[in-house]
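Okay, structure first, notes after.
By written order: A, B, C, D, E and F. Residues from 1 in each chain.
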Amino acid sequence: MAKIGKLTILLLISSEEEEKELFKKVSNLGYKICIGKAGTMDSKEIIAAIETTAKREGIFSAGCYRDEHVVYHTILSALKGLCRGEIGIGNFLRTVGVKFVILRGPIDTTQKNLGEWISVGIYGMIGAPIKGFEHEAIGLEINNI
Amino acid sequence: MAKIGKLTILLLISSEEEEKELFKKVSNLGYKICIGKAGTMDSKEIIAAIETTAKREGIFSAGCYRDEHVVYHTILSALKGLCRGEIGIGNFLRTVGVKFVILRGPIDTTQKNLGEWISVGIYGMIGAPIKGFEHEAIGLEINNI
Amino acid sequence: MAKIGKLTILLLISSEEEEKELFKKVSNLGYKICIGKAGTMDSKEIIAAIETTAKREGIFSAGCYRDEHVVYHTILSALKGLCRGEIGIGNFLRTVGVKFVILRGPIDTTQKNLGEWISVGIYGMIGAPIKGFEHEAIGLEINNI
Amino acid sequence: MAKIGKLTILLLISSEEEEKELFKKVSNLGYKICIGKAGTMDSKEIIAAIETTAKREGIFSAGCYRDEHVVYHTILSALKGLCRGEIGIGNFLRTVGVKFVILRGPIDTTQKNLGEWISVGIYGMIGAPIKGFEHEAIGLEINNI
Amino acid sequence: MAKIGKLTILLLISSEEEEKELFKKVSNLGYKICIGKAGTMDSKEIIAAIETTAKREGIFSAGCYRDEHVVYHTILSALKGLCRGEIGIGNFLRTVGVKFVILRGPIDTTQKNLGEWISVGIYGMIGAPIKGFEHEAIGLEINNI
Amino acid sequence: MAKIGKLTILLLISSEEEEKELFKKVSNLGYKICIGKAGTMDSKEIIAAIETTAKREGIFSAGCYRDEHVVYHTILSALKGLCRGEIGIGNFLRTVGVKFVILRGPIDTTQKNLGEWISVGIYGMIGAPIKGFEHEAIGLEINNI
């Protein structure tokens, strides 16, 4: 059995090489996948990057408010996880360089009867705007869509 | 190169079998490791479970306030990540069943000159107190110690 | 045109007499409705009261995790609105006596093509555990379901 | 009996026609009233719009710090209710179009001996910066002044 | 010139001997003062201790909701300052031992025309429920009353 | 016995004359001290001002990420105390004019065996961007370094 959250995390922390193979495997399990990167001090740019990528890669249809609404709230919660509480990046004088992964599919591969779910994961470095003064952080949220 | 956060996450999402081998590998990279489980509706029980396990497994010495203080704040922030914002479990009518991992060692294996760091990861299921009504969540925090 | 949020608010602030007529009107507009009351110092009791009432009145099916998950998060956010920030009742030495309303139906009566939405409203008195030392508060959240 | 919060909410959700009649009625009950609109992605602009309108319409005197201080905190808390938790609009990549209402007068019309109170209500649409991708939200706070 | 906040802080951090003399001095400047102590893991007990002491010592009249409401919110905000964010003591597995001071009088001694203000200060030790594993914290809030 | 937090607070609220003498006294107790001022509507400018001053005055070495990381989190928490909850200045339409103090040394002068600690205190006026419409606030955080 594979779970949507664990698959998201595996893709998040995979190297470029591992990612290709894993992408196929997760795709074959019945998930739509999109992956991207963002580096910014502005929280709304991360949200925009994830949402735009998800739209372009067909995770949800651009004209569908229902889906957009779920994706938006899933991103916002994942960002709260990344920030470990209150959302703040540049206004807290810190910067992030992250990879993000969005999966759409079953909550786990044994429960396809529970309908479609969306998982947004964000992983990367957070820290001072000084080279090397940063450590890892991760955020994940899962919702039905 | 291996990073303390990614190693923590890998241990968190590993199966029982994978965990044994990974434990050795991470240990050989120069990390002290402890792993445990907690299932509760009470936020202070998760904090206590992680802190007690860390003490018992020698992540920090029971009599050392400096180290206890860092471990405590690292747990608290990881819990904020797990809860994606405000900390709340039973008071929000939800329950968690989680695995936690604590690593102590270098921030990454190529920068041993940066001293010792601690990473606390929490991963598992969060949801209603109804069987199967739950999804995955993860929280991670990293501090120097 | 009638909107799901405004209808929820109208039901929340209606007197007992107005409520009967309004209930019929909102019902005829195509909404499932449930209404209840809760008086407590314990945040999880409000959540439980709303969720249990919604289940019993058929707003969502007891066995459907997807719907329960949406209803839960909608309640939690409405409660944040009621508390104007961080959720806290008894732990903040205050008590609430509230009416709650749940609607399920179109986001507004002119956009039935946007699928089903859920609206949770909570309105009542919040204050010190001293008779008469209280004022009004309201919380509302809307999600697609 | 009429309560300051319920009157605020009624004015907030009234149509333009209903508003005129309601304005007179609430005014006759002994309340100073001001009503306005704001559309923005910037949280400080909502605060400024409400505070400026309140000052201009004589809800409080421009030179009175005591009253300005109460009005400010009442607006801030109403905004937390509107945002259902942490205040964030443009930094969370969302936009709001709202109507606001400020009442100054008795906490309810039967308790004029409790002195003057202020109620700030904000109601409108919150959502993505995409036409039609939005739903309703409401925030309300009440303080003595 | 003496300010209400600074006087509150001076009383908070004074030793028992200094306190007596300072009490007289602050009293002669036109302030009502009350001072107390609380040791607990329960946030509502701190709120209750401060509010009860303020009532008993005549900072506000027991039957006056207006004043009680201001005092309550001033305590709540001072507690947020003490907790540096989200309010949490026992639920965060920590304990506090604090002194609190309430002043009622002018915002500063040169501006008696600005009416009466209330200042609540809380200062003491916060930490693990282990002897000596604790450090100092302070919270202060000021409102007009 | 003198505690790091109380010494920080004493320096924060001292007048210019008192400060000179106190500076010597605290310095003789074994603390590194730096003191500065900041007036802004932008939260990241306060963080930058404190961090830059600390670096320039030798509280920590510019190249040391470990120390910078602790100093950063100590500032962030002190700022939460100053804001009494969620961090917000200009985005909440308010401005601050503050003095800040950083001490590095023992947690108290009788426990030099507990290693080095850092204390960041911020004290000053917070309020509307209108002259005189402001009151005092204080924030303090203590960490081991």
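We adopt the following convention: a contact is a pair of C-beta atoms (placed from the backbone, for glycine too) under 8 Å apart; a residue touches a chain by one contact, two chains touch by 3 or more.
Note that this is a predicted model, so its numbers are computed, not measured.
J.: Show which chains lie in contact with subunit C and also with subunit E.
T.: A, B, D, F
J.: Treat touching chains as neighbours and tell me the shortest step distance from subunit B to subunit D.
T.: 1
J.: Please identify which of B-E, B-F or B-D repeats the interface of C-E; the criterion is that more than half of the contact pairs agree.
T.: Comparing residue numbers across B-E, B-F or B-D, the repeat of C-E turns out to be B-E.
J.: Looking at CA centres, what chain is most distant from subunit D?
T.: Between subunit D and the rest, the longest centre separation is with B.
J.: Please tell me whether A-E or D-E has the greater number of C-beta pairs in contact.
T.: More C-beta contacts join the chains of D-E.
J.: Let me have the rounded angstrom distance from the C-alpha centre of subunit B over to the C-alpha centre of subunit C, please.
T.: Each chain reduced to its C-alpha mean, subunit B and subunit C end up 36 Å apart.
J.: Subunit C to subunit F: how many Å between their CA centres?
T.: 44
J.: Distance between subunit A and subunit B based on Cα centroids, please, to the nearest Å.
T.: The mean C-alpha positions of subunit A and subunit B differ by 21 Å.
J.: For subunit C, jot down the residues that touch at least 2 other chains.
T.: 65, 69, 85-86, 91, 135 - these are the residues of subunit C that touch more than one other chain.
J.: Taking the touch definition from the header, please name the shape of the chain graph: line, ring, star, complete or other.
T.: If you draw each chain as a dot and join those that touch, every dot ends up joined to every other.
J.: Subunit B touches which residues of subunit A in the complex?
T.: Those residues of subunit A that touch subunit B are 3-6, 9-10, 13, 77-78, 80-82, 84-86, 107, 117, 135-142.
J.: Contact residues on subunit D for subunit F in the complex?
T.: 42-44, 47-48, 51, 65, 68-69, 72, 76, 86-87, 91
J.: Where on subunit E does subunit B make contact in their complex?
T.: Touching subunit B: residues 86, 88, 90-94, 127-128, 130, 132-133, 135 of subunit E.
J.: Hey, which residues of subunit D end up touching subunit B in the complex?
T.: 85-86
J.: For the complex, give me every residue of subunit F touching subunit B.
T.: So the residues of subunit F touching subunit B come out as 65-66, 69-70, 73, 114-115, 143-144.
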